[in-house]
């Protein structure tokens, strides 16, 4: 960790996909920094704005009223990497290293340190800039809660809330109409949203990327419920979940012949399989982007504020090359280097997973 | 209209798809009828339960606490028609007229009149029973608001609310990420949900079944916004909307070769087309069943209660063969026969459609 | 009604208390007017800003993103009347007629017509300016839905929704804890919020200003429920409801001796009386300002948009001296003069009131 | 800690005030216990039901669908202590020790162990029964989050969410109308709800029982904001907050003369004081019971489920005399004896309190 004092001017940047709470982090970092006499710039549209020199000064006025708003006032993109920057020349896109230009832009503006709010990819780039001498503090951002060494990321609680609301709505229809309702939620590599929303919404099966599922187990669960007089079932499935072996066959054939067409995802495939194997009407809903926008929950606003304050305080303390992180419910600082190559997945010993097993939830295994 | 007095025992039945407010209608009808000394039965699982003789008595206790709950305590199905009733014999499904058996079941139970809550199909069957001498009162039910001679059906306000919440969430992401967000909502033949949610959520384009859309108009709207510095657009599209001519071409090819596979709907196709033609990231969200379940809004609970009371009062007044209906904000009674073959579609003179045009919404024409 | 054509520049003003949907009205009026080539000014802080000459130009940019936001971007006040305008001179507040100055300010800015969004008092002042030759179009605004000749005002649906949510929350506690829960809602002269929220939230008693209540009837209802095994009751009371005769005695003594101190309102008094007379724990919640702020419901956003478009279209059509109004679910125009001295109260024949009686709600009579 | 094995029959009881999540705890404990072959009884209406022998068997069916519902299916009361049990004899209430009768009732029903869900008082009684030989497991319940040795109690997140929603609504009105809005929230001894909701809702001042407030500091904050052009302020105050010295004088005189009358609380008093000292319109809203009822947030449903599973597993493991507790985000078991005489208050070093100070929130000191 680098130590620097006497920093007078900083910038903030948001990168990657949307997550409710981004504005709350910005507000907290800006207000903390301004309160200690710093000048704060916002870099627009992620790392692209650093290359293109698009900035706006952030004052107390800039961050007024943004706490409850989704999105980011700075704009963002999840495409531009200054170390491999796309440029259109003579009709073709070529990629060049524009990191020196990006650094120079900051230098020209008198910016001495950078707070970067983003996911895996964004933080990796932040680490590379740190290696080049730019003092950097990172704030982890992911809806999926899959960033390592931090227990809970902002936006996750909101996503879980949206998915749970959806489950509550599907529940009444499933029950009245004797249906199997499948809800596909976000989570490519980690099943945190599915696990939490499934437990909160009373799902009968929760299928996550960490546990390849056996369609037979899901069918058995549905039938066991039928025998107890429950003529419906609720299933939550993470978009990244996958079946063991060759069970979801109908879908695979289609997929094989049209690989480039985005067909229905795993949830749709599972619903079709269930309908075929049980004869019960089955429907799939894919929540998609609704999970990652809009006003954050109170929990996420508080968590975002804590992250934002902690990031600014790390700058003020002269600690750089770190990511602020939540561990055992406290915000700590961990070296950016420490998170490389790690993941945050649900383990077989996860307490909530075990609680699910205790109350009879089927995890497809 | 038949007139009957001295009715002592009635039954209630819910048919067709789910709609928030079904329980509120049941509660209001039951409480009104019990308050006037009637005995009330509930027929389970729609017309199927009438054939299979599945009933439960409905008391004040049965309807306690159900006002805010989605679904229907009676259960429902959108498949069973007693006049053409499916039965499995020797492995094959054959269809028979079981209407006499159904009527006999009611007679055995002493049921003298029937309140039927359902959509087009359900009300048509109710009308046929009425022809056979069963005194019937119908309550219109459709999320899509497309039942003729009634201005507003219960459940519609809730569906619009859910879709509007989704738009609010997509809005912040679209704005921060410079995206085109497409939201596909319910509405096969009528675009009411799309029109109302689009207007409530500030959509830039609203595409409805009543107006075949020109993709070029949509693209022009998106580009006109870009030129004014708005790097994002929100589009609401009804599931039953369709493009003029041959514009949505990519999707059609795929569909041609795999007709039986439910591919992405019109929203997904439009998003792909927009991305290709504008170069802007475009995403589609399909709300699906989330729109038709769960707790009804206050508006829908009030409307449902009005319908339920009016239905029971029509029974008490001895007026049968009618559907209760909302016209000019008052509940009236219209002969079931009068609704046959009619539809409730958005006309070119619709006030809200014209209001949309006045504020610059693109309707694809 | 005055007719004027060729108007080029207009202004908009919001007056009186807050109501969800004000911004949606502004947005719709501005977009409609801009779309037809007008220049639009916003007058800040109600009629006070007209006297003090505080204005801002309203562009497409000014109204971007305000549709879902509560409050008004123009600011407002419910105190300043230009015809009787408060000014501090030598420590004392004196009141003068500043209407000429207010008119002159508009004239200087080239403003030829004014859209006024406000309640009774605000519209009355608008009418006086119209008499003085300023072309005026009014838009009715009241949470309480008590403006005459218009069926439904924007903000009302949101207020009812907030009150219904509160009832849903109180319901579960009342039921689990065997309590009487009293919810006091807005409505000084008209009981619309109480009636609609009470019906939507399943209240056992609904007490409104239009029907002076007999505490004995309320107690009888609570006891009748107890005898049927319902150990709890929910009561909604409008702030302007009042008891017949001398029943709410404890409270009155206190009030007599400390008239200037705002004691608990009618809801608190009723809760104390019920606890004393039934021995059941009784609690009162006063929702207050939570009912009139925040994001509007989808219904209110649509209604506000309709009002805003209609107001601008009335200006474009050269019809002034009118208020846009909702009648039989259509927006029409009525002369401002026609609303003077009228009220919009719940009548004994009101359909929803009668529906309440039909399902056994006690109205205190 | 007592260790017992071979337990076959247990009971569950809920005591004290309402908290969203009670049903979710019951459901999780019942399903966990049933899944391991136990028989489970529910004791109705808290410890009163133990004395009066009111019980119901809890099956899988009993807990179906209760996860999202507020309240408790078992009923509860916050008045009855079996060790000092109220009974009416000859018109007078006398208190007797009925603990032996209560224990005998359990014994007769074959109940070998008891899960008690409740607050301080309830858990204290549970501890006394444990001393008398009844194997007991306690689950902490408090909206206020003020139970010692547990970081987060269920229901707290929901209460904070409700209060934050209210702040969001008040915010828009305050801003549009240039007002000071005071929101009084629950928290007699601990300011957790005020702190979290205040931080989530962007309050300018947060006043908590742990920090006696100086009205002058609050006024200074409001004026400092006015000077920066912010014509409004938001204040969150816990019901148990109190002013230093003699500042809130108007109210105190009234209170002195009518001690038994519940006057407006501290929030109302503060609002009046602010209005008098700043001349700004100030309004107070008291959320009251709305904070502790209704459907729990997803977070609280997950937390409740974890508590319920952990309680049942402690029974299955034969560990009694303990309370399940959340520490460093894990559920552990602590001896009931260890919590006696302790509290969970906000300390000056609390991270969120310090974050509030960093972003400029006034805590009244």
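Note that the chains take the letters A, B, C and D in the order they are written out, and that residue 1 is the start of every chain.
Keep this in mind: a contact is a pair of C-beta atoms (placed from the backbone, for glycine too) under 8 Å apart; a residue touches a chain by one contact, two chains touch by 3 or more.
From a predicted model like this one, the values you see are computed outputs, not experimental measurements.
J.: List every chain that touches both chain A and chain C.
T.: Correct list: B, D.
J.: Between 0 and 180 degrees, and as a multiple of 5, what angle does the rotation take that fits chain A onto chain D by Cα atoms?
T.: Resulting rotation angle: about 180 degrees.
J.: Roughly how far is chain B from chain C, centre to centre by C-alpha average, rounded to an integer in Å?
T.: Spacing between the chain centres: roughly 32 Å.
J.: Where the centres are mean C-alpha positions, what is the separation of chain C from chain D, in Å?
T.: 34
J.: Counting only Cα atoms for the centres, state how far chain B is from chain D in Å.
T.: Chain centres of chain B and chain D, defined by C-alpha means, are spaced 41 Å apart.
J.: Which residues belonging to chain B are in contact with no fewer than two other chains?
T.: Only 168, 171, 175, 295 qualify.
J.: Okay, in this complex, where on chain B does chain A touch?
T.: Touch residues, chain B against chain A: 14, 17-18, 22, 45, 69-72, 75-78, 162, 165-166, 168-178, 181, 254, 257-258, 261-264, 268, 283-290, 292-295.
J.: In the complex formed with chain D, which residues of chain A make contact?
T.: 27-28, 31-32, 35, 60, 64-65, 67-68, 151, 157, 160-161, 163-164, 168, 171, 175, 196-197, 199-202, 228, 230, 295, 297-299, 301-302, 305-306, 309-310, 312-313, 328-331, 351-352, 354-355, 358-360
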